[in-house]
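Each structure below is given as C-alpha cells.
Here come two complexes built around subunit A, the first alongside subunit B, the second alongside subunit C.
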Partner chain A sequence: MTTMTSNMPETDSRLDLQQLMRQKYRRRVIVGNIILAFVMAALVVALIPLLSIVISVIDRGSKVLSTAFLTQVQQDPFAFDPYAIGGVWNAIVGSLVMDGIAIGAAIPLGIFSGVILSDAKGKIGTTIHRIFDVMIGLPSILFGLFVFFVLLGPVFNNAYSGMAGVIALTLMSIPLIAVATESAISAVPPTLNEAGLALGALPSRVMWNIKLPAARPAILTGVLLALSRAVGETAPVLFVIGQSREANWNPAAEQSSLPTLTFQYLQGFFPSQREAAWGIALILMTVVFLVNLTSRIISARSQRG
Partner chain B sequence: MPMDQSTTSTNAAGDLSNVSSSPKFNLAARGDGRYNIAMRIGQALLAIFIIVFFGSIIIQSIPGWQSAGFGFFTSTDWSNADFKFGALSLIAGTLVTTFIALLFAVPVGISAALSIQFLLHRRLRVFFSSLVEVLAIVPSIVFGVWGVAVISPWTQHTLEPFLRDISGGAPPFQGEIYGIGLLLGGLVLGVMILPTVVAVSRDAFAMVPQTLIEGAYGLGATRTQVLFRVALPAARRGVLGAVTLGTGRALGETVAMATILGGVTNKFPSSAFDLGATLASTIARDFLEATGSQVGALGSLALILTVIVFAVNYIARKIITRQAVML
Partner chain C sequence: MEMSMEMKENSTIHLAPVVQDDAQRGSSEVAMRLNDVSVAFSGKTVVRGATFDVRKGAVTAMIGPSGSGKTTLLRALNRLHDLTPGAEVKGQILLGQDDVYGGGIPTPILRARVGMVFQRPNPFPTMSIADNVTSGLRFNGVKDKKKLEEAIEASLWAAALWDSVKDRLKAPASTLSGGEQQRLCIARALAVEPDVLLMDEPTSSLDPISTQRIEDLMQDLKKIVTIVIVTHNMQQAARVSDDCAFLLMAEDRAGELIEFAPTAKIFNDPQDSRTLDYIQGRFG
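And now, the complex of A and B:
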C-alpha cells in the first residue's frame, strides 16, 4: 500500500481516502479489541464460580473432615450438646452399597438398551430413541417419584428401603449409559461393519466382536458419567430410602446416603449440621472429581491409541 | 425361505437337503433370528418402560386435578396447612429463576465458548473447556451448600443493596432483602447450566467451516467481526440448541433450589429479592411429609414439571440432532 501511494503522489484525494479508511480500520480494530476483552472476561467470569466452589469446599470441608467424621455414625445434636454431630459413616456405607449395586445393574441394562437403540428402526424405534434422549434431561426427582408411586407399595410393602433407592438410581442411569452406548456404536466407522459382514459374520457377531469393542472407551466414559451423576444425586433417593442412623451393609434395609444427609443437614437447625454439610460436600466433590479424571484419562488414551 | 428349502429337498437328492440343513447354514439363520428376536423383545421392553414411567406420572397426578380443578393453574396460594393448592406462584418461581439463570448463562456462556474456540491457543482450548465442564459434575447439592453459605452473604450485603440503590427501589428490585431468594437461586442456576451452554455452543463453533472464517479474514474483517458476524451466525442453530438445553436443565433443577429459594410457596413473585419456590423444589421439600390431598397436588406439580421439561428438551433435541448431549 505504501508503495502505491509513493508511486502516485499527485492524487491527493486518494491519499485522503486511504488515510480515512486506515483510520476507520484502526478504529474498528480498537473497538473490536475492546469487545474481545469483554469476550475473554466472560471466560474468567465463567471460571470464578468454579474456583469459588472448589476453594470453599476444600477450605471449609477440610476443617470438618477428620477420622472421626469418616468413621463414626451420624448423631443428632440437641440443645445441651449442639456440637454432637458424630460422623457420616452410615451415609458413606449407604452410598457405597446403593451406588455400587445401581451402577452394576445399570451397566448391562444400559449397554443392552444402547444396542437396542442403535438397532431401532421405523417409527417406533426412532420414537423410543428420541424419548431416551429427552429422558437424560428429565429432573431426576421424577425417578424417585416413579419408584415411590409404582414400586414402594406393591414391591416393598410401603417400607422405605435402600433397594428402592437402587432402582431409582438404576432407572436414572440407564438412559445415560444407553445414549452414550448408542452414539458410540454409531460412531464406529461403517467400513468396519461392512468388512465384518462381508467376511460372513452375522450382525449379532459384528455387534459383539467388532462394534462394541470399538465403542468401548466411549461407553466407559458414559458409564463413569452415570456413576458420578448417581453418586451426587439426592432427589431420586430422597423419598424412598428412609433414614438410617446405623451403618448397615444390607441394601434392603432403610438406608442413608451422602447427598440426602447433606440435604437434611442444610435444613437442620444447628450450625454444626451446616458445617458438617461442607464435610460431606468435600467427600462428594473428591469422589466425582476422581471419577471424572478417570474418564478423561480413558478418553484421552483412546484418542491417542 | 421355507419354500426354497422344500423345493431343494424335493427336487434334489438327499445330500443336497443335507446341505440346506447343514450346521453352518442353520447356525446362520438361527443366530441372526435370535438376535433379531432379542432386539424386538428389548425394544418392546424399552417401550413398556417408557409407557409405564410416563403413565405413572400421569396417573398419580389425577387426584390433584380432581381436588383442585382448574384453580390449580390460576390460584397463587399454595398452603400446606390449609390444604389449598394453587400452583401459579410455583410456576412463576420456576420461570423467574430460569429467566435470571439465562440472563447470566447465555451471554457469559456463549462469550466463553467463543473465546475458548477462537481466541485461545489450541492447547489452552482443551484445558479451559474441560475446566468449565468440571462445573457440570459438581453435585447439585454442593451448589446448594455453596449458594447458601458463600453466595448469599454476597447477594445480601453487596449485590442486592447495589441493585436496589441503582434502580431507586423500582420493580423488580424492591422490598426486603434476605440474601437467599429468587435472585440468588437464579444466579446459582445460571452457574449450574453454564457448562451445558459452553460445551454445546463451543461444539457448534467448532463445526463452523474453516473456509468461511478464512474467507472473512481474507476480505479484511477484524477478529471481532469474524466472531460476531461470521462464526456466531453460522453456528446459530447449535447455540440455540445449547440455550434450549440449558433452559431444560434450569427448569428441572431440584435440590439446590430447594435449599436456596427459601421455600415460600404462596407468594407470586413481585421482586427479584423475594423468597420463592419452584415446581421441583416444592416437591423435594414437601413430599416426604405430605398427607392427604397434598400428595395428589404434588403429583400434579410433577406432571406439569414433566410436560414443561420434556417439551423444552424435545425442542432442544430437534435442534441439536448431530451428537449425543450428556452434560
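And now, the complex of A and C:
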C-alpha cells in the first residue's frame, strides 16, 4: 500500500477529480439516453412498414386461403360468375417442379464451383470470385432476359417451357451457393487441413473428408438461402415459362409459378383475382419463413455440436 | 525415506533444470539426418545451416526463444511448411536412406512416415473418436475392416486413452477434454505407424496434469517411435528429451543452431556461453 500511495496524486486533487467525474456522470447518462431514444425511434420507423406488410398478408391472405384454393387449378372468372377463380394448384406444382429441379442442379454445380474457388488462389480464382459476386448482385430480370433472347429460340423452338425457367433459376442460384460454399470452406480452421495433410492424405481427400463435412452446415444454409430466393423470384421466369392453367408435372411443358401468378392476378380485371394474389403471397411468405427457420435450426444445431 | 534422500541430494541450487546423465538413452542408429538445412520464406532466411542427427528411439528436443525457427525447422521435416507460399529448403534432410527434398519420396508418403502432433488438439470435429484414429489409414487407402479395428485399439492403447474411451468409440471427438483430445491426436498420428513423430509444443494449451500425462506418455512412446519435440519450456525439454538442439535468432533475424548435444550435456555442461545464458534464464 505504501509503495502505491507514493506515486498517487495528493488527496485534494484526487477529490477534485472524483467531484468532476460525478458532475460529468449526469451529463453522460442524459446523452446516452438521448442516443438510445433515437435508435429506438429508427427501429420503430423500420418495423412499422415491415409489420404492416406481414399483418396485411396474413389478414387478407387468410380470407382467400382454403382447401379448394390450394388444390384446384386456376380458372378465369367471367361476368356471370366473377368469383370463379378456382385455386392455385397449377402454380404450386409449377413452383415445386421448377424450383426443385433448379436447386437440385445448382447444388452440385454451385458446391463444386465453391470448392474450386476455395482452392484457386491468384488471378484466375479472384476473377471468378468477382464474376460470381457480380452475378449475385445482378437484377434477376437479366437472367430472364438472357434466357428469353438467347435460349428460347434456339433451344426451346420459341415455345414457352418450364425448363427455360429452370435454367434461369439455376444460373441465378449457382453463384449464391458457390460463394456460400467458398466462404464456408475458408472458415474451416487451417489446422484441420494441416492435420489431414500431416497424415499423408492428398489435398483432394482432405477437402472431401475433412473440409467439406466441417463446412456442411454453412453450405446448407447457403443452399436454403438460394432456395428461398428462387421460390420468390418472378422476373427470371416471367417471360419464358408461359401461363399454364393446368398442373403440369412435366417440367418441359408450359408452366405456372406462384410469383408469376401473383403478377398475373395483380393485373387482373376482377377484384376476386386481386384478392387471390394475397392468398398466394401468404403461401410464399409461409414457405420462405419455413425455409429460413430450417436454416436457423441447422446452424444452431451445428454450433451446439 | 528414499524420497527425502533424493530431494536432499537435489536441493543444491541449480539455475538450470537438473538432468540425470544416464548416457546411453536411445540407440545410435539415425532416424533422420539434417545436413546444413536452411529454410527461407520468399527469399527471407528463417533458419540457417542446421546440422544434426535425430537418433532412432530417442526424444530429440528443439529449444530456443521465440523466433529462433524451431517450429519452422520441425515443419520442414514433414514438408508441411510447403503449404506456405514461397517456402524453400536448402541442404539435405534424410529419412532413413530417403532424401526428403531430393525427390526420394513422395510428400504424402513422407508425411505418413513422419507424423505430427500440433500445438492445439485438432481432432476432426465431424468424426467419431474411432474414425479419428483410423482416418490416416483410410486416407492412405487402407480399407481392410479388421486392420482398422486393430488400429483403433492399438493406437488408443499406445496413447494411454483406451481405458477412458473404449465404451464411447462412436462418440464425437469433441466430447473429450482438451488433454484427451491431444492424446487422441497422438493416437491418430500413431495409427499409420510412422517412423518419426513430430510434436509442436504439444502441451502448450494443456493444464499441468494433462501436460504431465503427455510427458509420461512420451517415455513409453519412444519405444515404438522416434520423437522430435519443439518446446518453449526448458524444464519440459530437460524432463522428456535425450538429445537437445538449441536454436537462437542471429542478428539478421534468421534462426541458427547454436548447439546440439545430449540433453544432459546441454543442461549440465553447455559448450556455448549463449546456451548457458538461455538455460539459466538470462533471456528468452
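As a convention for this text, the second predicted complex is superposed on the first by the 273 of 305 C-alpha atoms of A that agree within 3 Å, B and C clash if a C-alpha of one lies under 4 Å from a C-alpha of the other, contacts with A are read in each partner's own complex, and residues count from 1 in each chain.
Heads up, the rule we're going with is that a residue touches a chain if its C-beta (ideal position, glycine included) is under 8 Å from a C-beta of that chain, and two chains touch if they have at least 3 such contacts.
Small disclaimer: the values here were computed from a predicted structure and weren't measured.
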item	value
Partner chain in contact with A:27 - subunit B first, subunit C second, else both or neither	neither
Partner chain(s) touched by A:301 [first = subunit B, second = subunit C, both, neither]	neither
Partner with the higher number of touched subunit A residues, subunit C or subunit B	B
Subunit B versus subunit C as contact partner of A:192, first or second or both or neither	second
Which superposed partner A:43 touches (first subunit B, second subunit C, both, neither)	first
Partner chain(s) touched by A:141 [first = subunit B, second = subunit C, both, neither]	first
First, second, both or neither for A:202, with subunit B first and subunit C second	both
Subunit B versus subunit C as contact partner of A:210, first or second or both or neither	second
Contacts of A:125 with subunit B and subunit C, given as first, second, both or neither	first
Which of subunit B and subunit C A:63 touches, first, second, both or neither	neither
Contact residues of subunit A, present in both the subunit B and the subunit C interface	202, 205
Subunit B-facing residues of subunit A, complex	25, 28-29, 31-33, 35-36, 38-43, 45-47, 49-50, 52-53, 56-57, 60, 112-113, 115-117, 119-120, 124-125, 128, 130-142, 145-146, 148-150, 171, 176, 179-180, 182-183, 202-205, 207, 222, 225, 228, 231-235, 238-239, 259, 262-263, 266-267, 274, 277-278, 281, 284-285, 288-289, 291-292, 296
Partner subunit A, residues of subunit C touching it in the complex	78, 80, 83, 85, 108-113, 115-116, 118, 120, 122, 124-127, 135-136, 138-140, 172, 174, 185, 188-189, 192
Sites on subunit A touched by subunit C in the complex	121, 189, 191-202, 205-206, 209-210, 213-214, 216, 305
Residues of subunit B touching subunit A in the complex	28, 31-32, 34-35, 39, 42-43, 46-47, 50, 52-53, 56-57, 60, 107-109, 111-112, 114-116, 119, 128, 130-132, 134-135, 137-146, 148-151, 191, 194, 198, 220, 222-225, 227-228, 245, 248-249, 252-255, 258-259, 280, 283-284, 287-288, 299, 302, 305-306, 309-310, 313-314, 316-317, 323-326
